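These notes open a run of structures that come right after.
You will see chain A twice below: alongside chain B first, and alongside chain C after that.
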Partner chain A sequence: MNISSGILRRILQAPGDPGKGGDTRGRRIIGIVAAAFFMFFPLLPFVDNYWIDVGFYVGIYALLGLSLNIVLGEVGLFDLGHTAFYAIGAYVTAILNTRFQIPILFLLPVSAVAAGLFAWLVTTPVIHLKGDYLCIVTIGIGEIVRLSMINNPLGLTGGPNGINGIDNPRFFVPILSSRQFYYLLWAIIGISAFLLTRLQRSRVGRAWNYIREDETAAKALGVNVRHYKLSAFVLGAALAGVAGNIYASKQMSISPESFTFMESSLLFCIVLLGGLGSIPGTVLGALVVTVFPELFRPFAKYRLMFFGLALLLMMIFKPAGILPRLRDSGDRLRKTLEGKKTRKSHPESGSAQTSAGLPESAQANGKPLLRLEDLDLSFGGVTAVSGMELEVAKGGITALIGPNGAGKTTVFNIITGIYKPMNGRVLLRGEDISSKLPHQIAKAGVARTFQNIRIFPSLTCLENVLCGQHSRGRAGLAASMLRVPGQRDEESRMLEKAQACLARVGLSDSADSLAAALPYGKRRYLEIARALAAEPELIVLDEPSSGLNDAETTELSVLLKSLVEEGLSVFLIEHDMNLVDMVSDHVVVMQSGKKIAEGPMCEMRRNPKVIEAYLGSEED
Partner chain B sequence: MRMTTKKAGLVLGICCVALFLALLAGCGGGQSGKTVKIALQAPITGDYAYEGQMAKQSVEVAAELINKAGGLLGKQVEILIVDDASNPKDSALAAQKAVSQKAAAVIGSYGSSVTEPAADIYEKNKIVSVGYGCTAVRLTMDRERKYFFRTCGRDDAQGLFFGKYAVETMGAKRIAIMHDNSTFAKGVADEAMKALEPYVAQGKTEVVYFDAVTPKEKDFSAAVTKLRETKPDVWYFTGYYPEAGLLIRQARDAGLDCPFIGGNAAINDDFVKIAGLDVAAGALMTQEPLVTDVTTDIASQFKALYAEKFKELPSSPWPVYAADALYAIAGAIDKAGKLDSDAIAEAMRGRMEGVQGVTGALLFTDRGDRRDVPYKMYKVDPEGKLVVAGL
Partner chain C sequence: MFFDKGRKVSTFIEQLVNGLTVGSFYALVALGYSMVYGVMKLINFAHGDLFALGAYLGYSLLTGATGKITASMGLWGGMAFTAFLVALSVALAGVLVERIAYRPVYPSGRLSLVVSALGMAIFIQNAVMAIWGSRPRAFPASVVPSLRFSLFGIPVTLLQVTILGISFALMLAIWLIVEKSSFGAAVRAAALDRETATLLGIDVRKVIFFVFALGPGLGGVAGLMNGLYYRAISFNMGWNYGLKAFTATILGGIGNIPGAMLGGLILGVVESLLAGYVSGAWKDVFVFILLIAILIFRPRGLLGEKTAEKV
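Showing the complex of A and B:
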């Protein structure tokens, strides 16, 4: 049905290993050897200008691959028109340089900004599209840009013949020779890879991955999905613009023929071949895609066939790519934060925020924490919820029960902002949140779990839980790339909190293993830990006990009670009446989108309406 | 950290090895040996692979003919093939490869925007390159290139041919010229206008119509009415076939029956389909001749050897210009008496008299364009096929 998400699932669910120590060390050695190779390659005796130029084009594709990797690899958005941004960068450089003689290196940031701005303009109206639809739009963008170049708007682009006479860059001395171009480009790649690696190990990079893994869960846990998708496009486009700038000055002339759909799909192959989200993988992918065809030129007629076959085999036998992304262990994340000076953050500081809120909430105990007023929602004539009202008291456990299809999960989705009610209000601490977006509601203090578990399977458990902390941090793109002190403190605070939440549900030992490797029951706990990490006031659990055995259910009830003791309020949907009995202070019963009764569980057991609608009489 | 010393050691080690190897590096071979290396840059793969393959075959045939006749400076000609896959990026790489392999001169390439980056690289490395399938005017006219030449005509060269043909062969007194404002069509129309100027000055002819139509339109009745009122003897349309087909149809329906001549983008099989065979038959076209229609001495040798080796003759005009590029280079090297690029370029510009290629004399202007590019008038025959017009 949806091809792009199908491919994404296949890649992400390919068997992979979490980043265990030995593996990462192997990677690091590969990295150092590769860096040394790229550094000294042009100096080797048998390497003539032709091979240096091949190395240069490997670099162009590596840079473009890295830029697409942000969009496709990190966020999982299928962008088959990425060449458009590359073209914008190249044309901006060419036009400004040939018309106004602006130096090339000065145009480098200009091209990046122009491409980024263009990406922002064209993707803003379509960024909400899902999977294949977005993919089709990006193909359109790529083609529109290429055709615009051909149609020569305002006589700027020179039509099908393009623009010639582009200058060489000057960096103190003019950059002319193949070798100089090579080093200029690879220096830029080195810097980009360094900054992108920092992003991967930051709040921003993880937010991108959360969206790729499960958009709905990311949203509900406080990730501003729209913002992060756009930022990925803008950053990716900016980097492609940089590639365009260097390409234009190296070629000295550009024409629309360099920016075809084929080029976009080649970039796509590079990222898939190297490994989704993997920086070394992308560079390797670029190497393979550029060097193989050069080597196979003597067999010119067959080289594309060999190439296609290699890709096909790759997708069948090693879908995760040649060098798949290794997730960072908790230790690794901590170590990168240490850097030079460690400002040991106070162990208390993480929990300080929640406990600070406690006394206040204890004082205001009279008012309900959450109040639903007269909610209506129907889907194309089918009424899901009508006139629903309920209150969730502060510091207690409220349960929502009712037969299947009663509209319980719909109520949850309205509370967490996934659906907008057609009528009525949702009041959190007396403030209407029904018009807010899911991530704003999460930030306001409501965290949830899902009926059909929604964890981020190919991330580690620790990273899963860190998602909860997302809304409690502020560091953006620049802060994460530059790793400013505030960002370091924030990251280490987040790590501590996430670690504590994992410990809370007894998953400390699994912190570094992939979430997909957890047994079913533990996944439930992981979801709860993730919700707890959001430092919520209200935690909303959708059937937390489903799939758990009796012992596990008892464990869960203990956990829930202890959460309430710590000042949290709990609102849960549950079918296990024993659990409801054990933990709930207040029970609301729903049927056909309406509340039919409420009160303590013991009363509900005797309520004839409830018995008829849901519980069934004991005589039966 | 623990790794740092190890890391530093590793880097240092690789550094030493690399520098050592760099010191060992000798300077490359150069044009020593028994052959003169001439590179052919062509789209051996990619969208225009058939053009590249035919160019390769044509150049090989020409090289064999030259070698049979004694070679060049007493040495045999050796052809190096570099593939540009018909895209600008591969073209730059291919050019760099030809440079690295120390080619004495280069033939190439096909496609103007593909040729451009390569021409820049050859220019930078001071190597003569001769294009064979790149007709954009700006390649030679936009900026001066010292080492770039071409054996094919510029886009607008057929306009010149048209002017001569219309007046001297057809004896047209009232000429109408129509274009579509595209760079290509306007260039051809302007060049035709320029070619007609001397005739107009002598009072031999008159240009009664010179205007543009809008491409992609379907109804050209306004333009056709205006054209009919000028009562032209001959009507030259320099644009593309979709408009050409509709124009001739609508003009004939409106009762305008003067001879129609299209530029080389105006007439093809689709033109015949759009216009309808009844109307299309008899339409003329100014075009580069196919090798089958060329009758020089070298052409007959070339055709004989080509047919012997590859069974059928090139089906497009361009590969033959690649062979001519080799003849031009060979002729210039012969005149220069050495393989020095400056001497070759200088000979190409001024001392090519007597040098013949498949399509005739190979003379070049100072900008590097070929002088008097041979064109032929083709005609749509009653079956809808293109044949040389026998007037």
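Showing the complex of A and C:
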């Protein structure tokens, strides 16, 4: 009794629980029990073909749920037309099989590729749309596909009646019986879940989550947002195409009725019901959504009514889902990399070198690292920055000050590529970066923090910091799923670096707790650690001391100075003049989008223009 | 016939009037989406099914025992009574939807809201099916006499004139409320920035009550008129009309009241002309392609304003 309640407690542990992010042992025990159940279910004496078929449809929804989970759960993209990809897979299989007698199992990868390609084509022009807008587009795509199937273009889709006479697959023997289909499908689900779990614990899976948590922060720290959103859609669609192939061959006939908006809504509910981004949760969600109406079959008329009500109640009482995703601890991540590792860990790791790998030394002080020339930017007639120019010296601390609304943050947003200037250039080491995208600028060596802290709240602190390392890695989808040796080495290198950066700001103890559980001051440090993990040459800090108390501010000044000693250049916006005085080598003063003065802080205090614009009220 | 120019022009005008009639349904339903989205930043997926509920309530009021009562009030009296009851009960349903499905879920975030909205939509749709059955129902013939006449040289039916008249009167009323009254100003303020509106002393709960009563009320009347116009109604008609009306909302600029009306009328006309001159079977495909194109090239719609994201 005790043991089971302990396991239960672990399973039901809420994701927002402060403290350690993931004790997964209880989950694993349940997982093994569940896997065993699915494996032996069709062999149980009281299970007839009807219930094996129910098990098959649970599987179809589970596979579709897993495929939508990549898009909706991992990346947070509202996809309410996912059935379109499922339909493409089913129709490609049906058409090629009935017309050219191509074997079903051969068409399995073909369907996956077709659905993936279709997803790539239709989402590429709309991938930049946000939230509800993308949601509406996906609904539109779903309807366009379904209506096209009904309209029977070129006589291919068979109109409202669909296509009949689809073969059964052959895997050495023909797959005919309910039981055979059940095992074929659940084997594919098993493989998919295995590979998707690997993805979750990789650079790719984390990049997806960063986008879901905070898109702006993700791209400023080096994640190619567009690429990862598209890759999620393509992979998700391909998996849905696989489900379409198996569904078509089991049914032997398909029609547009199976691919309605209602189906897409059901898939959406499965992912949310199970828990966003949770693989076991999605399978459980599919089980609930499929079996619930079956159990209420005697009340046929009312069963979907009850189902709607159940969805509602679920969202009121357990909005995080039945089995919310638990984040992996640092130990867990490390363990998955151990064992089959090919090379020993790197000798230089562990030491907290913040600018490791950069060619020039800190002694090249004075040469401008960053130069802004003649920048202009206005928003709908309101000038934010005009004719702005400044230089940030290499190996020092430059501060940008000025009254509220002077355009300081806008300058930072231009430097990091969030905004494009209308005029002027941004030169990093003499190279114009003003046309580059945020993630490219991060890779070129500029990392930033945000004025209104942008951490990834439902990820662990370690995962937050790993985001910085994203641009220093290369492993893609295939390498992460197959866990090739190069990917393992890269992952462990990234882990070590991230841990070193956490240690650098004194947050090692919080590595495994969720970022949302950190107190305010520590969140600022977490952001700094994340920026350091990007191995930047220039670190750009937007009001780092805001919200910190005096002791914390002093700590911050010590940290900033030591970063410079290690060869880093710092550029910060600051309102705390004492901090600026303590740390900065050079101060640039802005007012109304323009530079009005620059020099050492002591001079700025005496400069009449500056006093008039900004310090006046303090000095009087 | 191909050379008969007069015939071609009159067909075009017929398509246009038909398009405006359908467009006015879309416009009335779109108003509900737009008002709710403006204040709540939420797509009320149950809205289309409230439209269907309006059609079914109207059906019940105009047939059977209640039909005798409404008939005894004369044509216009009976219609007004039916429309009033439908608007009132669907408005009540709208307020209940907000209380049950959205208010308790609001703190849990947007994704949970989408699911509870979908859950509510499934519930209403299947409740309608449980009450009225899964087979389509037919409105009684000629509630409004099938009178054809010419208005400024344009051939119209009495039903079309009635529908267009009521729709435009309702739209004008809504426009006046939202743009001219102090309560309308509160609605617009809440749509612009809910928190600031609260700080300025606007009772946002009242605003929410208002949009969830008014939007579905209008949608219910649109459902009733739709039943009178096409006569056949089915329990799942809400999905399709909801989707179309939502397209109209996007077309006009989501959250923008005049935009929703304009979007609805334009969509109705475009659809009708597509069906008449291109292909009836493919018109919906074109409509959805149009929707996606708007979102790519002018995401704020025809009348929406640009907003910049704050970093």
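To be clear about the criterion, the second predicted complex is superposed on the first by the 574 of 620 C-alpha atoms of A that agree within 3 Å, B and C clash if a C-alpha of one lies under 4 Å from a C-alpha of the other, contacts with A are read in each partner's own complex, and residues count from 1 in each chain.
The criterion applied here is as follows: a contact is a pair of C-beta atoms (placed from the backbone, for glycine too) under 8 Å apart; a residue touches a chain by one contact, two chains touch by 3 or more.
Since the structure is predicted, the reported quantities are computational estimates derived from the model, not experimental observations.
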Query raised in the report: With the two structures laid over each other on chain A, which partner does A:178 touch: chain B (first), chain C (second), both, or neither?
Result: first
Query raised in the report: In the superposed arrangement, does A:423 touch chain B (first), chain C (second), both or neither?
Result: neither
Query raised in the report: Looking at the overlay, what does A:131 touch: chain B (first), chain C (second), both, or neither?
Result: second
Query raised in the report: Given the touch rule stated above, what does A:43 touch, chain B (first), chain C (second), both, or neither?
Result: first
Query - Partner chain(s) touched by A:592 [first = chain B, second = chain C, both, neither] - result: neither
**Report entry** Partner chain(s) touched by A:276 [first = chain B, second = chain C, both, neither]
**Finding:** second
Report summary line: Footprint intersection on chain A (chain B / chain C) at 301, 304
**Report entry** chain A-touching residues of chain B, taken from the complex the two chains share
**Finding:** 3, 7, 10-11, 14-15, 18-19, 21-22, 24-26, 28, 44-45, 49, 83, 86-89, 92-93, 96-97, 99-101, 111-114, 116-117, 120, 124, 136, 138, 142-143, 183
**Report entry** Residues of chain A touching chain B in the complex
**Finding:** 28, 32-33, 36-37, 40, 43-46, 48-51, 53-54, 57, 159-162, 164-165, 176, 178, 247, 250-258, 260, 294, 297, 300-301, 303-304
**Report entry** Complex contact set, residues of chain A against chain C
**Finding:** 72, 76, 78, 80, 125-126, 129, 131-133, 135-137, 139-141, 143-144, 147-148, 150-151, 216, 261-262, 265, 268-269, 272-273, 276, 301-302, 304-305, 307-312, 314-316, 319-320, 379-380, 409, 413, 418, 450
Requested in this report: Could you pull out which chain C residues touch chain A in their complex?
Outcome: 37, 41, 43, 100-101, 104-105, 108-116, 118-127, 129-130, 239, 243, 246-247, 250, 254, 281-282, 284-285, 288-289, 291-292, 295-296, 299, 306, 308, 311
